[in-house]
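Take a look at the structures listed below.
Across the two complexes that follow, chain A remains constant while its partner is chain B and subsequently chain C.
For the complex of A and B:
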């Protein structure tokens, strides 16, 4: 008999708040990664010569900032499955389910923040480009000009970040189960599909096209949601039989 | 030696600061939770301010830049222009495509010479139409070249060389040396997946031609001699 019976949702909330307070390093690493991406995004140039004509294009984009954010999300997903982070669960009266749910909530939260800042990093690059070059050609709709496009870009960034974070979480869960999984994952992604499926470029290309070639946002949302849910369910299933604490 | 004095002073200053700092041995600064939130919040505020600023700057200080024009649209304009010249329907041609209209006196013979010196620079497209009047006047109409790069219309920035007339001779030169430098910003390819501003056009260099199109209305009695390297189309009645 318990005087107070803890509910799962309360335990999850408690653990989630703990992770938000304790793992502030994720925000530092996000900040550093995006700043690096921003700094290397400025004015890459390319030139073309056509006889007496030379065209020099100085081109800025926030591709690098977004790319680094996705790498950050992947690494954060893997990091959350490490022993140090798993042992934090023992600070509370909890079970594996509540630990996973709290980790998933934490991942979703930081991915949302990462996606928003990745999308907005383009504004900073755009601002600096316009200040430095008064005749810059800006091919990006503003927040007030096309708020729909602006919102869609942010939502797309969030979804991709969540996708990578979920993938990292699943990979981390596999690795924690057995370190032998690392070479197997590399072989599964790059070697087997290329030879067995006979698809030029391999399985990886098909996966990229599955998400990247989608033109309907709602379908894309459905794809990412189902994929991320599958990632988390697989992660929970894999770690279910692991030792409680080494 | 005197020129190096400022550098030496700067080096001495830095060394002095480091030595003084070592002596004092300040406490190592560490990134705690509070500082993390402060830095991150400042970063987010900067991003939001930049977002608002560029939305305002777009409207108030947007500089002139080339108009958007796809290769397909440019091809249609060019083809339409040539079709109208070939069908002698010059009155329906968009006046903005005309660079200059000139008249030149001519004698019994007209010589057309090619003086383009660069193998990459093609000679202009020349259309010659005969007129029935024997007024010893050649009417010349010059149409501007269409050049598209990255789906932007640089036609007005190209620079061109007008044909040089000298009595019974007209010489067509290469376009002048020209360097176009432009700066552009595009959103990340991944984020543009569902928006109208697709990044497909990125890196799409190329255009129709750097050379002008010349239409000559020549009296029927004038004999024409032309270099073989010139691209001339004779408009038949």
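For the complex of A and C:
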């Protein structure tokens, strides 16, 4: 029987297709998360009285839908590193490198879809708001009047989703290395920033500003790409000796 | 051509060392049975070969490559055991379709025929199958993949007798039609003595015996004769097991008899009977702690 000489790229492609076929459930959970986000988005109103004139302002935003999409992305990243998913992959042809590359490719794809639908949920919210309030004026960037803004909005949503998915993947990789990481992560998220804020360092704040306050799209793209690449490289490095199907 | 080479391989886990100074080579297209008592490291050994886990020290070569993280080893081998897992979403037909994409030698018609023969429902889901059915399904994948190195770790767990027999027969037929290197670990050696060519016996972390199954069989013989005559012939011999029932006494001893000794055995009416490979294996791995009876005898005297 002759031996096959597999190429990494072919195995990655096969693994990627395998995941696309097998894990369609991730889109169901995305849909549920975004629907929850959309429902709690309607609507925050405030009234202002100016003498005899009362102005009622209603704000509706897709912030909640985007927020829930980010939580979804984070959990998808963690989910892909679990033992069950790894065993699924190693039931067929795979090594650790091809497994990571296929998982990363899969994460990037679903994050793209998550990001696009999250920002499009804004249009749905606008539409529903318009119908409910019979209002004619809605101020927002649309695909036709401001195509540049519109696409920047979608791309930004995608990048944020990718960022959270990558973070989840790295957290998952650390958890796979040692369960002790879980309390450490909780400490890092909740306790550590609290102390830092107390001292006045504002570490978390700086992190949020580093990405959130970036006004140049290209710089933002660069920041997110580098961060996510670092997340993935760290994940690969710490799990390259990981034993599977034990 | 050599497919698998182990040089001084050691594997330790946190609390125990399983394999210790393991040395052996397995040639191409040989069907080898990996046997050994529970917990001696048969699965560990096979998982090292498949590249799932990494040896602690020593040198392992499979198809001339170190198997851990080798794509070549993964693409040319398949490892079937009950830790196989498949995504919830896929039904059995989907899983076979996925397997086909991964293995270049995949025999789809054979997989289909076996699938039908063992009466699987095409839309059934893997997680709903019983343990025996899961292992039958895994075995179909293992056989149909036609991998140059096919590894079965306890493939018949949970299968009923009829299915076990069918599996052995299917494996043998397919092996004859498509010779390949097969490793098979199994607890019931007596069921597959006719199937195996070589035996690799793992005991105390080392390769205690490695060779043709007939050679293992010939290491011991059973002597059957009158209780008065038999003991004379057993002096200076390694007696592994002895029992007397009425007017017949029998003993399993190491098969080291000169032609003269054999002649004297026949004179005294003692029959030399070959033992099964399974008996020889049990004798070879017998502990120094005596039998299970000793456990109870000891407690009785306290």
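Just so it is clear, the second predicted complex is superposed on the first by the 217 of 246 C-alpha atoms of A that agree within 3 Å, B and C clash if a C-alpha of one lies under 4 Å from a C-alpha of the other, contacts with A are read in each partner's own complex, and residues count from 1 in each chain.
We take it that a contact is a pair of C-beta atoms (placed from the backbone, for glycine too) under 8 Å apart; a residue touches a chain by one contact, two chains touch by 3 or more.
As the structure is a computational prediction, the values presented were derived from the model and not from experiment.
In the superposed three-chain model, the partner touching more residues of chain A is B, compared with the other of chain B and chain C. By the touch criterion defined above, A:55 reaches chain B but does not reach chain C.
By the touch criterion defined above, A:98 lies against chain C but remains apart from chain B after alignment on the C-alpha atoms of chain A. Once the two complexes are overlaid on the shared chain, A:5 sits against chain C while remaining clear of chain B.
When the two complexes are overlaid on their common chain A, residue A:63 makes contact with chain B while staying clear of chain C.
By the touch criterion defined above, A:39 reaches neither chain B nor chain C. In the superposition on chain A, A:149 makes contact with chain B only, while chain C stays out of contact range. In the superposed model, A:210 lies in contact with neither chain B nor chain C.
Contacts of A:17 after superposition: chain C is touched, whereas chain B is not reached. Where the contact sets of chain A with chain B and with chain C meet, they give residues 21, 24-25. Residues of chain C that touch chain A in their complex: 29, 47, 51-54, 63, 69-72, 74-76, 79, 81, 83-90, 94, 98-99, 101-105, 146, 148, 178-180.
Residues 21, 24-25, 27-28, 30-31, 34-35, 43, 46, 48, 50-63, 65-66, 117, 119-127, 129-130, 132-146, 149, 152-153, 156-157, 160, 212, 214-217, 220 of chain A are the ones that touch chain B when the two sit in their complex. Residues of chain B touching chain A in their complex: 31, 33, 36-37, 39-40, 43-44, 46-48, 50-55, 57-58, 61-66, 118-121, 149-150, 152, 154, 158, 174-197, 202-203, 205, 210. By the touch criterion stated above, chain A contacts chain C in their complex at residues 1-6, 8, 11, 14, 17-18, 21-25, 84, 87-88, 90-98, 240-241, 243-246.
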